Every structure is written in C-alpha cells, then in structure tokens.
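These are the structures in question, set out in turn.
In the two complexes below, chain A is the common chain; its partner is chain B in one and chain C in the other.
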Partner chain A sequence: MTVIDGNRMIGTGFPPDEGVRLAVNLLSKTDLDWTELTIDLTRGDAAMLISAFFNSFLQTIYEQATERFDEARKIQWTLKYQFQNESVREWIYDFEPAAVH
Partner chain B sequence: MTVHIAIAQAQQAVLLSDSQGSTRDSESHGLHKQFVGANFLVGMAGDGGIIMRQFADLTSKFGYDDPHPVTNIKAALEAFIDCEVHPSAFAQCVTLVVGCETDGSTSVYEYEPGKFRHFGPRQSFGTIGSGSLFVDRASRRNQELGIVFPGDQLEDLLFEALHYADAANESLTVDDALATAMIRNGCTYLTGDRSLNVRHAPPEVAQFWNQLSPCWDEIRETIRTVNGDLRVAQRTFSSSQRGELSKTDLATLVNLNQGIGTSRKKLSVELTNFLAEYDRIKLGNMSYP
Partner chain C sequence: MVSDISEWAASVQQDTTASEEEVAKWKLQIGEVTTIGFQHGIGGLTKPTRLLLAGQSKNDQKSVQLAAIDYGRSIPATIATVAVSRGIEDHDGKRIGFACKRKVTSKRLPSNQRAGLFKLVETVKKNEGRLLILSGNGLFHVLGGRRCSRSLSSATTTGPVLQGTLTVLNLRI
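And then the complex of A and B:
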C-alpha cells in the first residue's frame, strides 16, 4: 500500500482549484501505483476538504485521464475526523462526472 | 473583553461565548463566562469581579439541578445588581439570559444596568460584549445581502451562532476558544473548547470535560465544512451579477447542495451523540449501552 501526504500536493487556495491541483500532481507521478493508494489529509483544513474539493479532483481525473477514473474512485482517504471519512465516501460514491465537450 | 451570542427558536436555544479575559496590560484564555443552570443560561460581559460574584450568587440561589422560570432568574439577577453592586459600577456589566418560558419555548433577555433598571423585552437573538459590534455589523450586512438562516433546529442555531462568532473573532479582544451552551426541550447542555476551565456548570460536566469537549471539535469542524461548500456556492452564484449563470453553474450548485446535505446529516448525528453522552454523564451512568 502506498500512502501519500496529500497536504504536500495542495496549497491554500480555493477548494475546487486545490482539488484540480491534487489531481494534476497525482497524474504527473507516472510511476505511482493507484491500485492500493491512500492519500493522507489528516492535517488538512476542514473548510478545504469539502465536497467541491473532491468533486473537482474526480472531474479533473475524468477529463485528463479517463482511463484512471475508476482507480481514482477507489483511492482511500485518511482524514482527521470520522464525519469527514464518512462524508468523503458518500461524496465519491455520489459523484457523476460532467460531460466534457 | 468578550462576546456572547444567544439565539432562541421554539424549544431550542444556544449561547456561544468566547473565553478571553483582557485587562489593560494582559490577556488570558480559557475563562468560562457562562452560568449553566438546569434550564437556563446566563452570559455576562464586563468586570470580572462582578461576574464571579453574580455567578456565585446564582449558584447559591438556584444550583444546577432544578429548573426555574426565566422570570425568577431575571428577578434574582436584577436584585443582585441592585443590592450588591455600587451604582458607580452599574455600567461595568451587561447580562444575557437564555431561559424557558412557561409554555416551554425559549427566549433571550438582555440587561444593561448602566442604562436600565430592568431586563429588556423578550428577544430571539441577543449579543453583548466588545465583539457584539462585529456581530451587529455582520447581521446588518447579511440582511442587506438577503442572507438568512432558515430552520429552528439546534443544528440551525449552532450554524448561525458560529457564523456570528467568526465575525466577532475579528475583534482583538475576542478569541475563538468557545463555550457552547444549549437548551433543548427544557434541559441545558455544555460543550466547547478543551482549554476551557469549566466553573459555573454542573460539577459532572467539569469532571468529564475531557469527554465532552472533543464532541465540540467534530461539531465545529462539520460546520466549517458546510461553510466551505457555501463559500464555493456563493462564488459560483456570483456570476448571476452579470446575468451569466450557466447550466454548468447550476449543476455545480446542485452538487454543492448535495454535499452540504451530507455534512448536515453528519452534524445531526454528532449532535445527537453529544446530547446522549451528556445525558449519560449527568445521570451518572458512565457505562455505555
């Protein structure tokens, strides 16, 4: 299992922008195995780790590397609070990518 | 200096208070500036000596176990100021009372002995202390912008009170280590920052503060998560200022609404868990079901 410190891959900007940044940074690591990947965001700000952050992360993966989208859905997330872990699971389950033209 | 924010709706109420104590030369943190009775809450701002004497008087008269009509609480608070405080110091304290009316509904009353001899009329919202200027300003601004806080559940009141506590936190004499007292169905509850030195609350609450205060961390962070999504929603909606709200924007708003709904359900669960934990501690039943 690979554990990545997600806080080192994002900044302090607007959450949807930081979700994009995380996706782009992750995609740039071409040798990274996503099949058993955990992203640790326990040091992340609750106001950053919102549905818009995870939606933009998944949308970016869908747009830039559709073939990795299913793997992205299966990424494990480690967060500080239990409610965050539960919410993220629901947000990712509910996410439907918007069509890209 | 201080901020207290009280909101009462239906059978629920909250009293949020900061914990900073400031003098001309120094500041301290962790001060519990509330009195948590069985079915009423008191928040005071001003002279620390008067506040501590007032709370000691409330403890001896009402204790923490038996419910009392809010009219009796107000009368006792007025009598204390009238009998025990020198008139030259009347202006040095302001009081908020959150209590239960005879029909079970909650209410807020404000008392400024430097201006008035008695408590003011019944309110559903009150704020006192140096930070209250920031709260009033934020409230007026919200009204101008059309921002409202719908709902009368405890979750709704907490959300609104925290919104205004964040506004008050801009004041240099207010900190963000909060004491969060609530009333639900005629019973009081207290949680808040773990740094708080709980003094004027049922002794079991102070004894088990290490168990009760972490609940606040989860509740507060859940509300911050909702606020984060709201911020994105407001930014998305801002394109309507130019009449350019697109279908993509609307889809984003729908997604955000769904995300907030998820967080809101988590908030309800956390609050329910906290209330149950608090009831267990108050009943002296520390064994888990």
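And then the complex of A and C:
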C-alpha cells in the first residue's frame, strides 16, 4: 500500500481549485500505482475538505485521464475525524462525472 | 476563504466548550455554505468577487456568529429556473427557502451538490441557533426551529435590495 500526504499536494485556495490541483499533481506522478493508494489528509483543514473539493478532484481525473477514473474512485482517504471519513465515502460514492463538451 | 473560516474557528475554539471535532464539523458546514455563496458570487459576473467573512465568539453569551456576503447573482436568481419548474414563483424569500430544502439544487447533476444550505438549516435547528439569509429581494430566517420567509421588494426599489447574498449565522456553544 502506498500512502501519500495529500496536504503537501494542495494549497490554501478555493476548495474546488485545490481539488483540481490535487488531481493534477497526482496525475503528474506517472509511476504511481493507484491500485492500493491511500491519500492522507489528516492535516487538512476541515473547511477545505468539503464536497466541492472531492467533486472537482474526481471531475478533473475524469476529464484529464478518464481511464484512471475507476481507480480514482477506489482511492482510500484518511481524514482526522470519523464524520469526515463517512462524508467523503458518501461523496465519492454519489459522484457522477459531468460530460466534457 | 478557508483561512478566514479557520481564523474564525480558532477564535471559537478558544472560548467554546465544544470539542475540537464539533468545531471541525462547523468548519465543514460553513465551508460548504460559503463555497455555494462564492459560486453564487461569481455566477454571471465578468470578474469573480471576493467572499467577505466576519465572525466572532462570545463566551459569556455562549454563542458564535458568522456573517458572509458576496455580490453575485443571488440565490433567488440562481435557483430561479428550478423554482419556476416546481411552481415556486411567489417571491424571493420563498425561493431562498426552497433552495434550503433537501435535494434542491441548481446544479446539472444533483448528486454533485451536497445540499449545503439544507444541512446548514438542519444544523441551526438542531443547535437551536439562528440563521438569516438576505439575497436579492428575499429574506429567509430560521429561529427557534422555525423557517420563515418574506419578500423585501418595494415599489420604490428599481433593483434588488441586495445584489448578492448575506448569510448571518448564530450558533450556541
């Protein structure tokens, strides 16, 4: 299993923009195996780790590397509190990518 | 935006008896709502506006307050198409109330919008707090667990009372 410190891959901007940044940074690591990947966000700010952050992360993966989208859905996330972990699981499960026009 | 909320939360954390986890929950909920507010703020504008936040905590009154304002399209305008399709045409206050209901969204994919306004209202009701949203020509208010809405339009006003959205939140700690 590979564990990545997600907080080092994002900034402090608008949450949807930071979700994009995380996706782009992850995609740039071309040798990274996503099949057993955990992203550790326990140091992340709760105000940052909202639905818009994860939705824009998944949407960016879908737009830039559609073939990796299913793997992205299976990424494990570690957050500080149980309510955050439960929320993220729900958001990831519910997410539907928007078609790119 | 995130740093503003964090500053507010740090100040709250100093005074409140609420746990760190509970304050983190408020941060998440406020993050959801202000992100929606910001998206209202940039909708229809050529240049994105900044979301302005102001907050404080009062330990002696056992309460925390947060105010957020943007100068964008407003909630009634953002939700207009969906509201009209559901027969919610009365006035802007009712449209804000409609936007605060579960599963109501202006987004193309409903599952991608996490009902931040609905969750905020639920939090306020559970906390016995207060919520006031002024947007366009409407006012929406949650007090004592009750939801109220009213129109602010007047014959002397040519434009909306507020071109944007002001959200004021008061929670008990």
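Here is the rule we use: the second predicted complex is superposed on the first by the 101 of 101 C-alpha atoms of A that agree within 3 Å, B and C clash if a C-alpha of one lies under 4 Å from a C-alpha of the other, contacts with A are read in each partner's own complex, and residues count from 1 in each chain.
Definition applied: a contact is a pair of C-beta atoms (placed from the backbone, for glycine too) under 8 Å apart; a residue touches a chain by one contact, two chains touch by 3 or more.
Nothing here was measured: the structure is a model prediction, and the numbers come from that model.
> Following the superposition defined at the top, how do chain B and chain C come out on chain A, clash or fit?
clash
> Classify the contacts of A:N55 with the two partner chains as first (chain B alone), second (chain C alone), both, or neither.
After superposing on A, A:N55 lies in contact with both chain B and chain C.
> I'd like to know which partner A:T12 touches here: chain B for first, chain C for second, both or neither.
second
> Would you sort A:A98 into first (chain B), second (chain C), both or neither based on which partner it touches?
Touch status of A:A98: both partners.
> First (chain B), second (chain C), both or neither: which does A:D33 touch?
After superposing on A, A:D33 lies clear of both chain B and chain C.
> After the superposition on A, what does A:F83 contact: first (chain B), second (chain C), both or neither?
The answer is both, since A:F83 touches chain B and chain C.
> Contact-wise, after the overlay, does A:A46 reach chain B, chain C, both or neither (first, second, both, neither)?
both
> So chain A touches chain B in one structure and chain C in the other; where do those two contact lists coincide?
14-16, 45-52, 55, 80-81, 83-84, 87, 91, 94, 98.
> Can you list the residues on chain A that touch chain C in the complex?
My answer: residues 12-16, 45-52, 55, 80-81, 83-84, 87, 91, 94-96, 98.
> State the interface residues of chain B toward chain A in the complex, per the touch definition above.
217-218, 221-222, 224-225, 227-229, 231-232, 235, 248, 251-252, 255-256, 258-260, 262-263, 266-267, 269-270
> In the complex of these two chains, what residues of chain A are touching chain B?
Against chain B, the touching part of chain A is residues 14-16, 45-53, 55, 80-84, 86-87, 90-91, 94, 98.
> Mind listing the chain C positions that touch chain A in their complex?
Interface residues on the chain C side: 1-3, 5-6, 9, 21, 24-25, 27-28, 30-32, 35, 38, 108-109, 111-114, 116.
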